[in-house]
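When the chains are written out, they are named A, B, C and D in that same order, and each has its own residue count from 1.
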Amino acid sequence: MQAVSSPLSGSLIVAAAWVAIAALSLAPSGNAFFARKFAFPLGTLAGLALTAFGLQAIWLAPEQMTLPLGLPDLPFHLRLDPLAGYFLMLLGAVSAGVSIYAAGYFRDETAGRLALIALEYHLFLASMALVILADDAYLFMVAWETMALSSYFLVTTDHKLPAIRSAGFLYLLIAHLGAIAILLCFGVMSGGRGDYTFDALRAAELQPRWATAAFLLAFFGFGAKAGMIPLHAWLPEAHPAAPSPVSALMSGIMLKTAIYGMIRVIYDLIGNVRWEWGMVVLAIGAGTTLFGVLYALMQHDLKRLLAYHSVENIGIILLGFGMSMVFVGFGHPAAGALGLIAALYHTLNHAVFKALLFLGAGSILHATGLRNLNSMGGLIHKMPQTAFYFLVGALAISALPPLNGFVSEWLTFQTALQAPILKNGVVRSLLPLFAATLALAGALTAMCFVKVYGIAFLGRPRAAPTQVQTAQEIHDAGLMERFGMAWLAAGCFVLGLFPTSFLLMLNRVSVSLTRQGLPEAALESNWLWLVPIEPARASYSPIVFLIVIVCVTLLTFILVHRYYHGRVRFSEPWGCGYSEQTARTQDTADAFGQPIRHIFGPLYLMQRHMPAADDAAPRFSLKIHDRHWYWLYLPIARLTEYVSSKIALLQQGKISIYLLYSFLTLIALLIFVR
Amino acid sequence: MTDAPGIAFQILQSVFVVFAAPLLLGWANQCRAWLQNRSAPSILLPYYTLAKLFHKDAVIASNASPLFRITPYVLFGCMWLAAGIVPVLATDLPFAPAADIIALVGVFALARVFSALAAMDIGTSFGGLGARREMLIGFLAEPAMLMILFTAAFISGSTQLNTIVETLARREFAIYPSLAFAAVAFLMVLLAENARIPIDNPTTHLELTMVHEAMILEYSARHLALIEWAVAIKLFAYTTIGIALFVPWGIAAAGDWGALPLAFAALAAKLALAGAGLAFLETLLAKLRLFLAPEFLSTAFLLGVLGMLTHFLMQG
Amino acid sequence: MGQSLSSQLVNLLAAFLLLIAFAMLSQRRILTLIRLFAWQGAALTASTLIVAYTTGQVHLYFSAALTLLLKVLLIPWVLHRLIDRLQIRWDVETLINIPATMLIGIGLVIFAFALAAPISELANTLTRATLGIAMASVLLSFLMMIVRRKAVPQVIGFLAMENGLFFAATSATYGMPLVVELGVALDVLVGTFIFGIFFFHIREQFDSLDIRHMEKLKQD
Amino acid sequence: MEIALVLGAPLLGGLLLALVGHKRWAPELNAAMSLVTLGAAAMLTGRVIADGPMTAMEEQFFVDPFNVFLVALTAFVGFTTALFSRPYMRIEEHHGRLNAARLRLYHSMYQLFSFTMMLCLLSNNVGILWVALEGATLSTVLLVSLYRTPASLEAAWKYFILCSVGIAQALFGVILLYFAAEKVLGAGGTALLWTHLYQVRGQLEPTVLSLAFVFLLVGFGTKVGLVPLHNWLPDAHAEGPTPVSAVLSGLLLNVALYAVVRSKVLVDGALGHNFSGGLMMGFGLLSVVVAAFLLSRQKDIKRMFAYSSIEHMGIMTFAFGMGGPVAAFAGLLHMTVHSLTKSAIFFTVGHATQKTGTQNMADIRGLIEQSPAIGWGLILGSLAILGMPPFGVFTSEFMVLTTAMHEQPWATPVLLVALGVAFAAIFGKVQPMVFGETNLRRLPHPPALVPVFVHLAIVLMLGLYIPPYLVDWYRQAAALIG
């Protein structure tokens, strides 16, 4: 029991358990018995254990361990400090919900597919745990790329669809390019000493020039994984392509490992943060936020829409992180700690609600076979429980109080409001503007989720019956699925209502990273009040908030029913008295985004087909293209193509020319020797 | 913070706001009628309307979901909560620390999201249209509102309305150019958020122009009454936020019974002016096309930003 | 035979070797080319014999005998048979015209001499200057392989290059150890046979030994 | 004794199979002979690891950790390839692409090829090494043209001419080396022996050696496939039978690189500075970059993986050029993992092309659907060769790159860009072949896929854990290379 009592060895055992589950899933048995019955529930238990170890580790001193694996000069180093503990908790808690959901979701897969999914799924989890535990560059890279690889195979589960193949390709390619940048970053950080343990990297004192280079590389490399612009292109392709629980893992957790890496490298390994870096992060973060939400509004594929929202939320996390860097760079560590806490809190929040939303989307997909919002409608009647959980997720992601999304955005705003302590006038006035983009994004997100929820769950079914399985077949999610969603929905509430306990945890993380936490006044307040700086400056109490709002609403309800009657008559919808009200007259997802297209028109590359006045069968179609393809990705592809076409000219098939090459090489070398 | 007089004040204010809110609406309508040379309805008309609606039988579309039926209560609750937080009569209310200005904006957003969802529940063309337009206005107004509030927050160094009001009310009189910008922006946001001309027209049911009314078309009787009431409270809350930010003088401290009459008088005067001003503006302005709304609101947003920048510039 | 005489003789033969290399470079007729190749072998044999005689290295006699057998008799004979069987007697075509080739060749000779000069200083053998000539003839053969369009002259070029190498080995170092020389000779022999097999295969597939037919595998 | 067996088994096998190579059981005999070689190599390895370097037959042969490592690798891959070629060649015969006579040639030459490589590795004599390397060309050239199609003839012809000419330059280098060594060691047998040359390397004439190294590099480098001397390589790989492609890529290139590295050690000793290393790094880098960019233009699957071999030989050349214990270790490790992975890839590619009847990548689709093992083997192998962890190729690349970062910082970004381009190219081509819809035919004989997964498993293990005795062994070898 000694081994399990230490969080580090405990976490390692969990990772090993996941690997073991993965291996066992492959064991040939009738109809993938193990994978079907045990793999995912066991994975859930492991996830819960990991949550406990992570929570424990936040409060303990960092712990290190070396495994006799890896390179001869660089065996696997592991380290569990509060930051890692926090992310392990995130991984464990969210994956527990997703795994139990997956246990139900994958019930009906064929044996071969199920075994593979269970294998890749648990390898994916284990590699993420190792990314967080890694304490040397080699193990980190191995775990990092294993994570990319296992998720790639998960993404391409339905590889017969060409779109999914190209999504998988793009995903792994960008992931690999990012990994190359990260590797180079480690190289820069080691500064030529050739020691690649994180301890050595931490100890290295870099010249500002090299530190900036390392920062840029890390930002690029991890940003590619996190899906920040302009490296986001893979994300809206790959996340929807995967089976829904996997999408939930990818959006919910995998993106967060990139955030983890960024914080680990920039704050912990490089150190001496400069405010200019923070401005870069802020600029990219703001762009990512707006881009993500504006493109999300244009989507009618539910999972794609959610994927774009992941882009947006990464932007929000980057905003908090960037502000933190600016403050730390200017020598205001307390404000910096607040920004870091806001970013980390949003990381956890996003993990919870985005996983929840993807699971909800998965339930819809399972029940109706639909991903296109334009064909959905009225699902709240067929799947009320899913509808409830999805509503929780939607409210949370829209940053509405008293759920969790609001708390972290609130903290980010509070960070921005610290701007007056900065001396630099430009930066000081820019920070609130970045906060304004956050406000804009928050409101747009609310709009987007009104669209999603209103169109998918409310209203009347839009699709003709032939398109959908017949109405009777649409059923609510199964028990396991509901359990998973309930777990995550509960997470949305807990994180939203008890932020103070998490604030203390995060304060500990921040202290362990930057040796500086929140001011005393903030920490002394009791659990009821969330106070980031001091009570007079800002406070928020979600519990009081919730109680008041529930009481008031109930009071109203009771009063109304007490003093008046509760009579209700049911009838056809009124609709201003128009008689022709069919399901087709409802707003579609595309219609809902129309004002946004109108206002932000230049941002989009639209391909619209408008029906003409005399069209017999009028059809409106709309395709939105990402401009990044045209100014970034395709030019790079063309440049590569061009270079290789020029190099290919070397090889014309003529043996005389080949001999000439050898000859000239020889002559050139001989001249060189002389 | 949670002493007995404080709680008494809190309850007093909450009840006061709920019951006074329709009065402001009635007053504004009356003023407007006068200004437009119409014979004015009674100032109490909103109360009569509410009473009438509460007595009627509710008619609900047969495909309505539970969401549709709880929304009026949620709306009403949200607005009531907002009214409890804003320092209308007194500062230092016990509930006030539960939510600062950002959370206040959050409360309004919550209400907006619920009303938009309810609008889409029945599945009529109008509901979707209204919800879409409402969210459009919302996403433009919300950042502008935050910018305005940030300006005030920067001046007072706090996002607690309490602290802001106290800082502004108890200080020596000074002209803040930044607040001037913010005030104009706030006015614009107020008009937009409360579905007033030039963004929306609360008295129209024309499909081309209606926003808020389109969302509540399917509601009737007590549900409609609650919504209408909530709308009135929202207007009241916004007006009092404006008062708290820009002309806070005369407000009492919680538990200070002596200052209360003065606070009442000051509030009544300020609200009467505000209602009249609202009516004046609505008479003067014409309804904008829907697609000019973004221009209108982005102007508000820019004014808010300008106010904030002015603050930083002046402060040096 | 004194040291100076033998070294003069070797130098003379070296010059002869170089001359033949040039002649091969400019030669258009395939039969003459084979004949020149045989002559080159003969010169090589002679020089090896002289070195062997002068230095008394016994294994060089073997080497000389091997050269005579292989390069003067066997390979030319095989080549003759081949072109008889394959009926290729037409003129040799080149990719670059012959005067230009010759000019490049002269440049190469100068280059090789310049390159070999500092090394020749170090040599204590009687034939110090020959290293440059050996290198020059290797390079000239290389050039010949580049400019020829038909398979057979290319092979002859390759064999001539081997001659140059042998010459370098004998004149600069008094020959490599015997086992190596035997191995090299075996390789050359096997190589020639494989070339022969190839000629037939190529001929069978392409109806010609023009290597322009063999430019299909390339990048596009 | 073991040396005699390592050399004798394939030689005997070659002669035997020249007589009976057309029989039904010839493939089994082929594999059996390779197994004997493998056993002998294992014994030899054990002995060298235990007792240290040794020489045999009047110092004509010698074994040290460096070459015994390659002997073991060559014997192992030689054996697995023989296993693979058993069903492969039968299927080829079944498809009518080969007849009994050609099979006899194939089997005989396969063994002779093994023999020449072993000779090349074990010989202490630079001259014999040269002879053996030329012998390796001669024994494979007829294998490349085994199908007697116009394309295969063309490929074989280019292979033959370019490699022969190249290797002739190496002979000149050997002569120059002898010329220099003779002054120190005296004429006669010992002046060409590595062991002796190594001892006196400090006294050799630098001018001559630098000149010699140029010739040796151009000569052996042609066989390594260094750009711009590489032009024979893609053609020969693409047109020969797949087992031959596998051993060419997996083994012959290594052996040629072995010769280059041996020469480098001598020259560095004589010159006292890293002249040869600079040249090797230049060639290595150029090879990596050019090959990476050419990868995306390939249509033929074997040709593409041939370019990938060029790229990886470039990485190894770069690593050895950089020198130092870590880089040399990485180079050796890379040799191992590249051999294993690349041959595994060629095994899967072989069966894939047999299933589809084409080497054109555009026509190969959906392997994973019809034959999961081939599909998984191909995609995992490709990802491994592209340097995806946790496979061992990443391990060595990591070591090369991290060493380069402090030894040659300028080269690192270039290498990384090339690796990125290579990734996009290969992965972009492999994925559609593996995934998607399919209509493949069944093979008349069950394919041999055990070798594929054995290779990949070893590579995977090396990515996560390098056993201590292997580390020790590599370290000893790396110390020899310096």
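In this text, a residue touches a chain if its C-beta (ideal position, glycine included) is under 8 Å from a C-beta of that chain, and two chains touch if they have at least 3 such contacts.
Not measured: the values here are computed from a predicted model.
Taking each chain's centre as the mean of its C-alpha atoms, give the chain farthest from chain C.
B
Cα centroid separation between chain C and chain D, in whole Å?
Taking the mean C-alpha position of each chain, the two centres sit 31 Å apart.
Compute the distance, rounded to whole Å, between the mean C-alpha positions of chain B and chain D.
Here chain B and chain D have centroids separated by 78 Å.
Report the inter-chain centroid distance for chain A and chain D in whole angstrom, where each centroid is the mean of the CA atoms.
Computed from C-alpha means, the inter-chain centre distance equals 44 Å.
Give, as an integer number of Å, the spacing between the C-alpha centres of chain C and chain B.
Their C-alpha centroids are separated by 101 Å.
Which positions in chain C are in touch with at least two other chains?
In chain C, 115, 142, 145, 154, 211, 214-217, 219-220 touch at least two other chains.
Can you list every residue of chain B that touches 2 or more other chains, as numbers and ranges?
none
Can you list the chain D residues in contact with two or more other chains?
In chain D, 157-158, 161, 165, 169, 211, 234, 294, 297 touch at least two other chains.
With touch defined as at the top, which chains are paired up in contact here?
All touching pairs, sorted by chain label, are A-B, A-C, A-D, C-D.
Using the touch definition from the top, list the residues of chain A that touch chain B in their complex.
Contacts found on chain A: 377-378, 380-381, 387, 391, 395, 398-401, 406, 410, 413-414, 416-417, 419-420, 425, 428-429, 432-433, 435-436, 439-440, 442-444, 446-447, 449-451, 453-455, 457-460, 529, 535-541, 544-545, 548-550, 552-553, 556-557, 560, 563-565, 567-576, 578, 581, 583, 585-587, 591-592, 594-596, 598-599.
Would you pull the chain C residues touching chain D in the complex into a rising list?
The touching residues are 57, 115, 118-119, 122-124, 131, 135, 138, 142, 145, 151, 154, 158, 161-162, 165, 168-169, 172-174, 176-177, 179-180, 183-184, 186-187, 190-191, 194-195, 197-198, 201-202, 205-206, 211, 213-217, 219-220.
Provide the residue numbers of chain D that touch chain C in the complex, in ascending order.
Residue list for chain D touching chain C: 60, 125, 127-128, 130-131, 134-135, 138, 141-142, 145, 148-151, 153-158, 160-161, 164-165, 168-169, 171-172, 174-176, 178-179, 182-183, 187-189, 191-192, 205, 207-208, 211, 234-235, 238-239, 294, 297.
What does chain A use to touch chain D in their complex?
68-73, 112, 137-138, 141-146, 148-149, 156, 159-160, 162, 165, 168-169, 172-173, 176-177, 180, 183-184, 186-188, 190-194, 196, 640-641, 643-645, 647-648, 650-651, 655, 658-659, 661-662, 665-666, 669-670, 672-673
Given the complex with chain A, which residues does chain B contribute to the contact?
Residues of chain B touching chain A: 54-55, 57-63, 65, 67, 70, 73-74, 76-78, 80-81, 84, 95, 97-100, 102-103, 106-107, 109-110, 112-113, 116-117, 119-129, 131-133, 135-136, 138-143, 146-147, 150, 153-154, 157-160, 163, 205, 207, 217-218, 222, 226, 290-291, 294, 301, 305, 308-309, 312, 315.
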